[in-house]
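Mind looking over this structure? Questions follow.
To keep things simple, chains are lettered A, B, C and D as they appear, and every chain counts its residues starting from 1.
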Amino acid sequence: MATKTAEVEARGGQSRHRALGLSDERALAIYEVMRLARAVDERMWLINRQGRAPFVISCQGQEGAQVGSAMALKPGYDWVAPYYRDAGVVLALGMTARDQMLSFFAKREDPSSAGRQMPGHFGSQRLHILTGGSPVATQLLHAAGIALASRIRKEDAVTIAYFGEGASSEGDCHEAMNFAGIHKLGVIFVCENNGYAISVPQSQQMAILNVADRAAGYGFPGVVVDGNDVLAVYQATRDAVTRARTGEGPTLIEAKTYRFTAHSSDDDDRRYRQAEEVAVWRQKDPIPRYQRYLREAGVLTEPVEAAITERVTAQVDDATEYAEQAPDPSADDLLPHVFARELG
Amino acid sequence: MAVKTVIEAIREGMDEEMARDQSVFIMGEDVGQRGGVFLATDGLFKKYGADRVIDTPLAESTIVGLAIGAAANGMRPIAEIQFADFIAPAMNQIIEEAARICYRTNGDLNLPIVIRAPWGGGVHGALYHSQSIEALFAHVPGLKVVAPGTPADAKGLLKSAVRDPDPVLYLEHKRTYRLIKGEVPDGDRLVPIGKAEVKRQGKDLSLIAYGLMLHYCLEAADTLAAEGVEAEVLDLRTIKPLDVAAVIATTRKTGKVLVVHEDNPFAGVAAEVMAVIMEQAFDALDAPVMRLTGPDVPAMPFNHVLEAAFMPSPEKILAKARELAKY
Amino acid sequence: MAVKTVIEAIREGMDEEMARDQSVFIMGEDVGQRGGVFLATDGLFKKYGADRVIDTPLAESTIVGLAIGAAANGMRPIAEIQFADFIAPAMNQIIEEAARICYRTNGDLNLPIVIRAPWGGGVHGALYHSQSIEALFAHVPGLKVVAPGTPADAKGLLKSAVRDPDPVLYLEHKRTYRLIKGEVPDGDRLVPIGKAEVKRQGKDLSLIAYGLMLHYCLEAADTLAAEGVEAEVLDLRTIKPLDVAAVIATTRKTGKVLVVHEDNPFAGVAAEVMAVIMEQAFDALDAPVMRLTGPDVPAMPFNHVLEAAFMPSPEKILAKARELAKY
Amino acid sequence: MATKTAEVEARGGQSRHRALGLSDERALAIYEVMRLARAVDERMWLINRQGRAPFVISCQGQEGAQVGSAMALKPGYDWVAPYYRDAGVVLALGMTARDQMLSFFAKREDPSSAGRQMPGHFGSQRLHILTGGSPVATQLLHAAGIALASRIRKEDAVTIAYFGEGASSEGDCHEAMNFAGIHKLGVIFVCENNGYAISVPQSQQMAILNVADRAAGYGFPGVVVDGNDVLAVYQATRDAVTRARTGEGPTLIEAKTYRFTAHSSDDDDRRYRQAEEVAVWRQKDPIPRYQRYLREAGVLTEPVEAAITERVTAQVDDATEYAEQAPDPSADDLLPHVFARELG
């Protein structure tokens, strides 16, 4: 499959999305989610720098990996266990800019946690987005557990677990892949390899070049994909989804990508990476890259682009305004929901 | 009503819940073909198949992590940790995930998970097959912790734990498995989580315990009675949420309380019981609340002399209770 | 003597110990090039090189497991856990290995390990960057747990911890890092592990605390003094081994005690302090010992209203202390 | 190298040990340790079945893997982190039959723990045998830590971590190999794959045939070796020791073997494995196999064999008698040594 993708691209790329079974509308939808994810994120930094909100953690640079993979799922049927960068994933699956901003401002209406968790800790049982905590890699086992439940009930729902390459160092990552391999579960492991765990470069995290190479040790395929090529990610995920849905078992997809911002608003990335390196990767920004493709393919015309920009801006404006003015939780909201129902 | 052992009661409880509810399934090390190292799941693999009685790889974080995911997707997993002593690899999944998920989602997702773990000493299990872990987990908000002592409570609490919407750590005392026999009511009888039970009435002093220590306290109470001291024995059964009302009631009744557990004392369950009494029944005390616990050493040694020196016993309880009675 | 912040004191302590003893080295996530996410190790990578300031992969069990092995082979590792909230993946290595090794080898192998962990709330850190973990670890025999509140104690206890022959969990309160400044004695000055300190003398009641809460208690004591109530403030500094003598001494002096911590109450440090007072100074009490703690909810929420509702504050301490004074 | 071994064996095997640089004396020493390990173990079962001691856990069947690897180390200089089956390892490195029996009877003189731990929990700082607890896989990280200390001090000591294939499922196994790979530590991971974790067969533990295949995911070589061929194990370990000592980094050696007894005296293996399977493996017993080789090589003559048998029996008798009569700890021994020095 990988060879085929390369071929299509070489032919000028004008029909890659159609070759993947994506209609023009769907191809544009992918683009719009990427744009929205980026725009919400940029707005958050702005607000944070103005001192109106204490914390941002970004998806910027990784939208290709996120949206490309999530768009290969059936929303509300399939499951995801995202990590804190995955704004692109959850927006693709039904969360809204308002939801993001409500969580960013930690308001009572925040659907993920009612303002209890930091931004980036997504969750919605309705949307089949598993709640995420901060400890990395735990969600890989949760995803395997979700897939196990589907298997027991003989349902063909697919589950994707998302994680950074840093999280791959945790024991839970090994354990999840091992179990998924044994039982050929319908789970896909998507590693967004952005080369750093906060400041620690990949070379200090592992002795290998590709996280995907580990899949062989668990008895299922590992695939390396250019994470900044949203269609390549879509293709790899679509293939993995087919495997998963038909009982052939897990796939580990490693999407090579980069984060454009510091680790979070509390980090200063100049302490550990060169401005030149960031600049080089900015050239590979997945959004302009896909934009060029869509333009060349004749799908993204000026008016379409303008409409998208307008919708995105409107959503971000609306979400910001709505969320900033939404009510905080009150002190009475501190105690409830330790348990499903409070004990009598 | 029939007489059963604790382990039979637990097995029966699981069997009935699995028969009743298709979403209940079991996961753990050696729980399948082998029926568990204590045979707690004996026969269930044959009866319910490999899909519902799953032999996991040797990995406790796996067991609990899978349980969380499966519960999020509509199942009611019973996760077996082979020995309580081996639960620590799963602590991140239990404490940081299972216990916090209902709260962190503001109630959007609750996790009906039972984590079963054989605990306690007196079985020549040495440092790593004798541990008491209740204080570590009871400290963590978001978990329920039960520790039944009798076959009837073991079955009734197992069934309640399976039906509970939240993560329940179900502690089964290894030494009681085959040692303790008792009547178990027939049919679908639940024992509520969060309710202690007075297992023996008394007016002179109160012994508060759970698990194996319940039986040692009852034994000590018999001797005390012969000496003219009527000891009330309160079986906590559930450690978290603690039945504070029952603790305060027995304190107000007798004015003298001795708390007994195998776990070491520092910030243990006895300390919490003492704190609660301090806060809510200080005026009712005729003596300081006392505790008799395992020593503050890392765990129970293998050698039989050392093991006996470590374990609270009916004799040690008696000695302390006499001291309290005389106060 | 110079005025320093808590984080400067900690950094200086590590720097001096590394200069003094070649066997001391640092391991953790982002401790090298980055100098730690709080800059606790800033400059040390440059000064001591990649062999002695090691950026580990993102894996806490790795950090502690390596420390155990390295200590067994003659080194004195300082292991940094980036946030106390992320220590749980290392619990098996800490509780079942590090804490038990001296005992299980009958003293053949002791482990001079320091595990540093930034803890505590009030920094908009939400559920996973605000936790208090002292009770979980203080419960475990074989560990020492310290929680300094001032720059001088932070440096003196850091140096003692590095030289201690046993595993020490060194808790540094994030909120105090840059907020709290104070005189730090020059030169090689140790603060002993296991010794509390009266930070303010008083005769009417005792406030017992550690970490950030020490400062809130001192603030409350100022207000109380203005109201004519002389509060003694005892800074535990070390949580395990608890300085029982100091706790009993202040209890006997004032007869009224309030224990304050951010951690939730159930089987927490306050419960242990209450239990110890119950056991050893029951007769000296003019009122029940009280506790003011974080609530029994899984962790501290992000939203500022909820965070404030969670955190004990000088005002809340004052209210409780007034209640106690009036008892 | 593997090919070479096979070749030598094919040539009639008369000089395999010499080709490996092992003198006749050394070859016999390996044999004697294997015999001793087996004899102590058999005696323990006897005593246990008579009700004189509560617990046995066995090395039987795995002596080839254990002794073959440990004999490639410099005792007291190199380090090992064994697991509970590794009687053959610790006997090769200086523990005695008395030490084993003192621990078996949990006596005060037990050098590993003074009767505090169960049998099989070896430890001696003097012998560079790291204390083992019961939780599996923790020792892999300890071994990496020991090797890290050697690296920091620029010493060339080598460390071997031993573990069962069951333990390979734990997160710590992954984490240890990952760290060792990154830093090219002088550590060797020896997996004694006996096909079961108590009752759970390998197929339920992993989706792959060879644990050794995982090494590729950590950037160092994995080697599969016949664990019941003591010389093959020796050879693989010797090569790994050379790599480790010269700074080339770790090796994962998987020794395929089998345990002859139940998991422990508390287990009943008839619940999960067929008598026929055990019988087949008994045919591959590493001790008679090596015995045949040594006889054919002319090294193990009748009188030498008789002398070994006599020494082994004498040691086991002496150890049993000594240990059974040795004093128990007293109740006063319960409290000391929680810390290195008790606090004043």
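As a convention for this text, a contact is a pair of C-beta atoms (placed from the backbone, for glycine too) under 8 Å apart; a residue touches a chain by one contact, two chains touch by 3 or more.
Here the structure is a predicted model, which is why all the values come from computation and not from measurement.
Enquirer: So, comparing C-alpha centroids, which chain is the farthest one from subunit D?
Expert: A
Enquirer: Between A-B and A-C, name the chain pair that shares the greater number of C-beta pairs in contact.
Expert: If we tally the contacting C-beta pairs, A-B comes out ahead.
Enquirer: Round to the nearest whole Å and give the separation of the Cα centres of subunit A and subunit D.
Expert: 46
Enquirer: CA centre of subunit A versus CA centre of subunit B: separation in Å?
Expert: Centres of subunit A and subunit B (C-alpha means) sit 41 Å apart.
Enquirer: Using the average of all C-alpha atoms in each chain as its centre, how far is it in Å between subunit A and subunit C?
Expert: One centre to the other, that is 37 Å.
Enquirer: So what's the Cα centroid distance for subunit B and subunit C, whole Å?
Expert: Distance between chain centres, rounded to whole Å: 31 Å.
Enquirer: Where does subunit D touch two or more other chains at once, residue-wise?
Expert: 113, 116-117, 133, 135, 169-172, 175, 178, 182, 204-206, 338
Enquirer: At which residue positions does subunit B touch at least two other chains?
Expert: In subunit B, residues 56-57, 59, 61-62, 85, 88-89, 92, 96, 100, 103-104, 127-128, 141-142, 296-298 touch at least two other chains, as defined above.
Enquirer: With touch defined as at the start, can you tell me which subunit C residues reach subunit A in the complex?
Expert: Going by the criterion above, the answer is residues 29-30, 32-35, 37, 55-59, 61-62, 85-86, 88-89, 124-129, 295-298, 301-306, 308-310.
Enquirer: Could you please specify the touching residues of subunit C with respect to subunit B in the complex?
Expert: 85, 88-89, 91-92, 95-96, 99-100, 103-104, 127-128, 135-136, 138-142, 240, 242, 264-272, 274-275, 278-279, 282, 285, 287-291, 296-299
Enquirer: Name, in rising order, each residue of subunit A that touches subunit D in their complex.
Expert: 169-175, 178, 181-182, 184, 203-208, 213-214, 216-220
Enquirer: Would you pull the subunit C residues touching subunit D in the complex into a rising list?
Expert: 25, 51-52, 54, 56-57, 59, 61-62, 64-75, 77, 89, 92-93, 96-97, 100-110, 112, 141-142, 144, 165-166, 194, 241
Enquirer: Sort out for me which residues of subunit A touch subunit C in the complex.
Expert: 54-55, 106-108, 113, 115-118, 133-136, 166-167, 169-172, 197-200, 204-206, 266-267, 271-272, 328-331, 333-335, 338
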